[in-house]
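The following pair of complexes shares a single chain, chain A, combined with chain B in the former and chain C in the latter.
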Partner chain A sequence: MTRGFKIPKRVTTEIDFEGEVIKIDAEVPEQEPEPIPEDKKLNIIGKKVPRINGEEIVTGKAKYAFDINLPGMLYGKVLRSPHPHANILNIDMSKAEKHPGVRAVINLNKKNVRYVGEEIAAVAAVNEEIAEEALDLIEVEYEKLPFVVNINRAMEPGAPRVSPDGNISKPRTRERGNIEDGFKEADVVLERTYKTQVEVHNCAEVHGSVAKWDGEKVTVWDTTQATHGVRRSLAKTLQLPESNVRVINHYMGGGFGSKLGLNVHTVAAVNLSKIAGAPVKIMLTRKEESYCVGNRPGTIQTLKGGAKKDGTITAFHYKSHNNGGVGSGGSNASPIWDMYQCPNCLIEESSVYTNTDASRPMRAPGYPQGTFSVDLFLDELAENLGMDPLELRRKNYTTKNRGGTGTPYSSKGLDKCYELGAQRIGWNRRNKKPGEGKGPIKRGIGMASEIWGGSGGPGTQLDFRLITDGVVEIRCGTQDIGTGTYTIIAQVAAEELGIDIKDIKVMIGDSDYPRSGSSGGSNTAASVCPAIRAAAADIKGKLFAIAGPLLGENPEELDVGESKIFVRNNKSKSISFKEACKQITEGMLTSNETRGPNPKGYAFSTFGAHFSEVEVNTLTGKVKVIRHVAAHESGRSINILTSENQIQGGTVQGLSYAFFEQRIMDEQTGKMINSNYYDYKTPTAMDTPQIEPIIIDSVDPVLNNLGMKGLGEPPRIPSHAAMANAIYNAIGVWIRELPITPDKVLAALEERKEG
Partner chain B sequence: MPKKRDKKIDKKHQLSRRSFLKGVGSGAVTAAVIPSSIAAIKAKETISFQETGVEKEVVNLIINGRTYNVEVEAREILADTLRKRLNLTGTKIICGQGACGACTVLVDGIPIYSCITLTMDVNNRDITTIEGLASDGKLHPVQEAFIEKDGMQCGFCTSGQIMSAVALLKNNPNPALEEVKLGMSGNLCRCGAYPKIFESVLAAAEKGRR
Partner chain C sequence: MKNFTYINAKSIKDAVESLGKNWNESVVKSGGTDLLGELKGMIISPEKVINLKTIPNLDYIESTQDGGLKIGAVTTITKISESSLIKTKFPVISQAASKVASPQLRNMGTLGGNLCQRPRCWYYRENSILCLKKGGSQCYAFTGENKFHCIFGGGPCFIVHPSDMAASLISCDAEIKIYGRKGERELELNNFYLLPRENVNRENVLNPDEIVVEIIIPPPKNNTKSIYIKQSIRETWDFALCSVAVSMSMSGLKCDDVRIVLGGAAPKPWRSINAENELRGKMITETVAESAAKAAVNNAQTMRDNKYKINLFQNIIKSAILEVIKS
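Right, the complex of A and B next:
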């Protein structure tokens, strides 16, 4: 302080982000508000609060990038490779340039393309039709090369090479203990192979960007989960000063992980706009959305595991090959590595490269795949041990990560999820002998467990203002990707200040606002909300400094509630919140206060358990989910309404993964053949069962000042595995490959009959 | 290959293109190249939907109780007319093939997919879009219910869901859950918010009974 300024504290925090550990280096405050006690009666937090921006959505006023219409705006289109693998020998764009209505054409200078849909050039024209025509006029001379799109074929010796280093990456391994010793200790050892399909995000709002230059500055309306992230990447890519780039994203029509990074079409829109001297809008087509902007890798997983007679798991050996397309296949192993007690574990995971679009994170990347193997495996192990599947999970319960060998969890409510979920579904109604039901239509009940990160972390900056009319304005560069971020921010501010949520104005989704992180890894809520609370508490102190003298009391003795500021020990002595705000002589009180780091010495995870009841028609092979119970522990829930919605929506997507979705590639042409909403199946209203969310009432004791964790991805993790286990309970036959379509059910039944 | 189009318009495009190339050549990129004069819209909500130059006809659209005389192309779909010519962007397009229902609007009270409806085919018909549901600043009961029950996540399919729900409840003010599911089955929701959408529709029915 002697030099007239202070050096703030900075802390590096490690958090799980989409299944990877990332480091956040951020300035943190010296102190922050005390955690809210678990038993404190709250008025707005933890209630069913409708979205504060609901009216904008239901009236159609909400503006997505898709809706941006600017005067003089041009429409851009991207020329994409029709071939799965080719060298580009020559590109002639002259005809396209001369085409009437075309305003700009850019060549991306690709020498080689490795999947159908890879970007080659882009055009901007006065309307979409002319832009399409211009694409047809770009003449590209290709030298077609051998290709492979199927994961099995890509692994065969002599398969066409996708990557110069071969099609199978060196395995990424993780190991603890000694699996050989573990298997020796075991009374039962099983080895099973599980397969999952490639799933595409297929966001409702296609990816797209609108770019508009204003002198040296460019504004981009982007469909993104990373308002500040895209700004930074775009500036870096185009070598622009970051301060000259603005990204706006007030509404976004679903991302599910595919909208976390900077896209080629965004850069193209910015470049085309610069050349044409007019705003350019590029929205992908539904086809492009299907095969150009990411997918969840398909997998071939083999899990070998051993257990003692009493159910104690002694070893896991997990091997996986993940279809990464021309990118990484990612990792599925965390549910195997962390979930159940297991001292000896070896993980070996390889990416398999194919001539398909690179994978991207997709809602809980890797975890639904890994959970499908380990949770089906546990059920089969339980049957071999003569144990109840739930009992086997309880037997191998652990309060430390790394299968009981690592760091203690800050909180873990999985036991409660088991208890309440089992109770709700009526676990004891399940078939004692799988397939024992009479008649052709058989019912069964199954379950699966969930683990995920979602701790959130420091690094959210914000601009918190309290105006003389008693209205709060919060500006923060986070974004609402459909989970309800606008609303939870307002809830936390309103709770802390004891005022009506209607008086909180939330402005997010704009890189002109202070920086916050990307919406991935279920980290947004637990990163942003504690920061909002810290700033609200700071503002409260500042207002008490004004209200104290007005009440003739020490500001330290004041408290808020019911839109009043009152003396803690004498509630009748009060002043209305709005009245106090009128006395803000500066016109407003402001705060940039933020939250601190996550504490050291703990592992932070979210937990859940899903229970499903299904009906299998053994004559048609069709499976109907009758009822699904989804119990989740994610610390304190800020908004029960949107939390339930996340849980139910994640379950519907799991149902979709279990029975409907799969990308189908034509091996002759290397093209995706179901790149539209008719042929790429997702559930309709008619397929949706009764889904009962259970939100475990708990508060994390140490993680942050609200005791909260994330909930976006967890519900997507276990539902399909619970459904698959329920199918086994119904028919007594395992189906270890997704999606579980009627043909697979019938084939499995047939095989058993023959066997 | 490019379709044939009106020569006059072509000429304008040619001129524009030359000025564009000139601009690039001199290193000066300006906005002067945009032929805004060719935007031929009679409605006051003129925006930047520019023409392919194919033949157009004037249609009379009655949208949310207001009459618009709009010049549209024969191949033009209603969703584009609403979104691009009239800036009524509440109507969304997701699949573009009549598979998902995001573009649902009411024509003479009947829900249709505006992404597979030609604008010329709704000449003189009464069209209601999401922007026209609220009246006198008061939300439609279905809109209210979707807010109260959180019948949305990302919100992109919500306009279509609400329009279908309005039509459903008009035909069947007192639906059972299974009837709600059937009535809403033409509207996909990628976020999977179906359970809350069902609750919303049932709550709107309840409001109607009150």
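Right, the complex of A and C next:
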């Protein structure tokens, strides 16, 4: 009996998002297109397809938030705390309000500030200079309080309190098996401490927002990884109906996790705009970018591990203290927990609170830190066991998560990464005895493994239209954070419909379009692309319903390719795609089909292995990476160019983490003293080696209708660890603290000489 | 950045007459590569900025009658690094120029500006910290983060002088010509620079109403060989962690005379008399080079984070001496 409506299926899916497991509850379709067979010859998917909007980007036609200039627009600036810890006794804004050119001033009503850069008030003025002058005119009376910015200092007894509950959070633990039993079984037990620095995101495009009111409705151009997420949070914060808020982000110059949430300056821009009755733009400065909008926590990690003579790992005990500023230190443990077979494992992780700005997710949060400890540890273990480091990894290979004790992976191509990566770098050329090279300049080769999520999931909604001129319009509230989302969406639609990519118009980055998720956790591609394919397949069926009668064939027997619709068993019987579209009597065909849930009973991860060859000058402590091979398995690659792009970029960020970047907090003033592009070092082209990406040719058999996984974060995870292992192979001395700068290399060499 | 009056100077005299009596009043701009950072970072906020680039005939590299060289103050670093005259006669200067900053900065930056650039100390460059050099009461680096700071000549401020050009020019006994309200003066470039104990706020003897107009390099002594070695974190766009300029006149393998000048070592380009004394009159062997390198760091005073400079200096000084005799 029908009641005049149908109840759709809803499924809750668990996916990895920025190192955390989150649940997505979403409507899913009754059925999906069959997965594309692995051996099917494809025309656009899996090829080197240049960005469809590359020209717009490089010629400056593409509009980033920074480029939005509206008539009568004002410029906003944020007053930030100059003190690392203080009570605010009084704030007087009257002088700023009276300053000529100032149109609005708001007090954020803070009673207490806990880091240099914490927001206190904001102003909007007719230009940036006047806005800055107005900030100087806001009089704030502070009561300075004791502070601590250094992780070691914060852990000392009697350290100034950052959090009322103390500076060290109760450890979050994970445990399986019994580590004591595991250590008893072991022939070799080692314990080592590894340290990593605080790294700031330093996106090429700084954070910023432009707010414009139109009656009760507000539009915000925002630099965000979460077009719909920011709309929802902003509506909630401002207590506005969600439908009165629109967020636009057509182009963005990188987020790396720092642009996932709603920012204080965004709310300030909206409020200032309301008061002033004019649009307001707030773009942060490079300086603010360095100490106000997040970072990757620094860590002190201790890893104890045991193995049998044959290399079988018997136990890991991992303890970590993570400097999350006034926020969470996050978790680094997953690579230890999941990567290598290990039945007994105990993880204990604490956040350490300091008077620095709160950490935010940063490209594979926690994993580069955890990988630095476990992959250096494995190399040291291998040496103690007299084994080849790669052999030790193969010995402890697992096809199930939780170190072989959990759920089987839907696919895992790490073995192929090992094989092809080792071959490409020439693994057998490495020093048999670390440091054996002659002369002051020594070469070495090292490697490290990568694991990450990136399954994607359901919940992407879209509006897919085929117009009578044969052009496809896709509207979807996902966003392109610089990774090439526009292009891969167009590729999938073009492949499914057998037409030219030029006929696909992709419109994303607007909350007026149907909802899609945040771009985080390497989930965008594998969430959105299968949904696009489902909608394209749906449209294809609808077009076949028109083309069938035209060809005098059963629509079920039709297929597409080379911009034609043809009879599957008689290719010569065909009609051009555009010709068929002309017969769409309604003017357009539409679809809102989407992808289904991820199947139950599997763990979904991406894998990779990096191999690095370095040259260490033992006289100067300078390390030069000569070659770097980065092999990744992420299921089917939609676009070899964008995949290689991610691998190159991730590796360079890893290189930067290995040798250059480090936030320096001055303990005397509580200020960051290298909040600029010169003092906060990142590599130049001359510091960057030849990077050779290897994309493992594979298709996940069950995960989604394209057999694909994500690749945004994986390449960021292992490169610095591979480089550090290569340094050991070159000089025979361990450097267990990042960044590996000449002073550390010289000190380590000196210590060995003395020892 | 605060507003200021911008003056395009028409002549040296015009520039000098536009200059104020103190540093808050006016500054000069040549390439602007250092100055703009200071202005935009609000390290300084002068009332007037005087552009020297509009002065005719201040951009030249010329041979002098005695076989030396004269270089105009607004000559770009690129021009110096590409000059075949300099490359042949004074390799050390050419090499130093080619290692300054990055190609873009070398295209803009000038010799006068390079010699007069302000320190890179991160406390000095952080506008919200009032350090000793900026009129405050303490040197934060001494008690704080001092990885890039000095091992010689420190106190009460512990900067290092950032100029590559200065170290290389001093190794060639260069002189500097200054023009001011009271007229012209010429002094040895080595004496142009000051230690913080002489003047904590400035790095050289220049008065607020004076500008650098020319660098004069005397003819090299017979059979002089020279080299500049620079170590930095990055391969380009970086200041020296440690650098060394060596100019040595030789008879066969015997060192007749030598200048060894260190960069990244002290608040001024640091002539290492100790090292020079170890070499003068001796046959250059590996042992001699090593003892000179050792002598160079003999009386260094390190702080918490800059001990590595001892090793680094020793190694690069030794390498430089052994390299120079091969050149």
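In this section, the second predicted complex is superposed on the first by the 754 of 755 C-alpha atoms of A that agree within 3 Å, B and C clash if a C-alpha of one lies under 4 Å from a C-alpha of the other, contacts with A are read in each partner's own complex, and residues count from 1 in each chain.
By our rule, a residue touches a chain if its C-beta (ideal position, glycine included) is under 8 Å from a C-beta of that chain, and two chains touch if they have at least 3 such contacts.
Here the structure is a predicted model, which is why all the values come from computation and not from measurement.
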*asked:* Is A:D743 touching anything from chain B or chain C once the two structures are fitted on A? First, second, both or neither.
replied: second
_According to the stated criteria, A:S81 is in contact with first (chain B), second (chain C), both, or neither; which is it?_
neither
*Which partner does A:T59 reach: the first (chain B), the second (chain C), both, or neither?*
first
*Quick one: name whichever of chain B and chain C touches more residues of chain A.*
B
*asked:* Tell me the contact category for A:T684 with respect to chain B and chain C: first, second, both or neither.
replied: both
*Check the residue A:T620 against both partner chains and state whether it touches chain B (first), chain C (second), both, or neither.*
second
*Touched partner set for A:S169, first chain B, second chain C, both or neither*: neither
*Which of chain B and chain C A:N674 touches, first, second, both or neither*: second
_Contacts for A:K274 in the overlay, against chain B (first) and chain C (second): which applies, first, second, both or neither?_
first
_Just to be sure I follow: which residues of chain A are touched by chain B in one complex and then by chain C in the other one?_
129, 676, 678, 683-684, 686
*asked:* Using the touch definition from the top, list the residues of chain B that touch chain A in their complex.
replied: 1-3, 5, 9-10, 13-14, 16-17, 20-21, 23-24, 29-36, 47-53, 83-84, 87-97, 99-100, 102, 129-131, 133-134, 139, 143, 146-150, 152-159, 162, 180-182, 184-198
_Complex contact set, residues of chain A against chain C_ = 82, 129, 619-622, 659-660, 664, 666-669, 671, 673-676, 678-679, 681, 683-684, 686-687, 741-743, 746-747, 750
_Applying the document's contact rule, which stretches of chain C touch chain A when the two form their complex?_
1, 3, 37, 41, 102, 120, 122-123, 125-126, 128-129, 140, 143-145, 147, 231, 233-238, 241, 305-308, 311-312, 315-316, 319
*asked:* Considering only the defined contacts, which chain A positions touch chain B in the complex?
replied: 50-51, 54-55, 57-64, 66-67, 69-74, 97-104, 126-127, 129-130, 133, 136-137, 202-206, 251-254, 256, 274-278, 285-286, 481-484, 641-642, 644-646, 648-653, 655-656, 676-678, 682-686, 688, 690-691
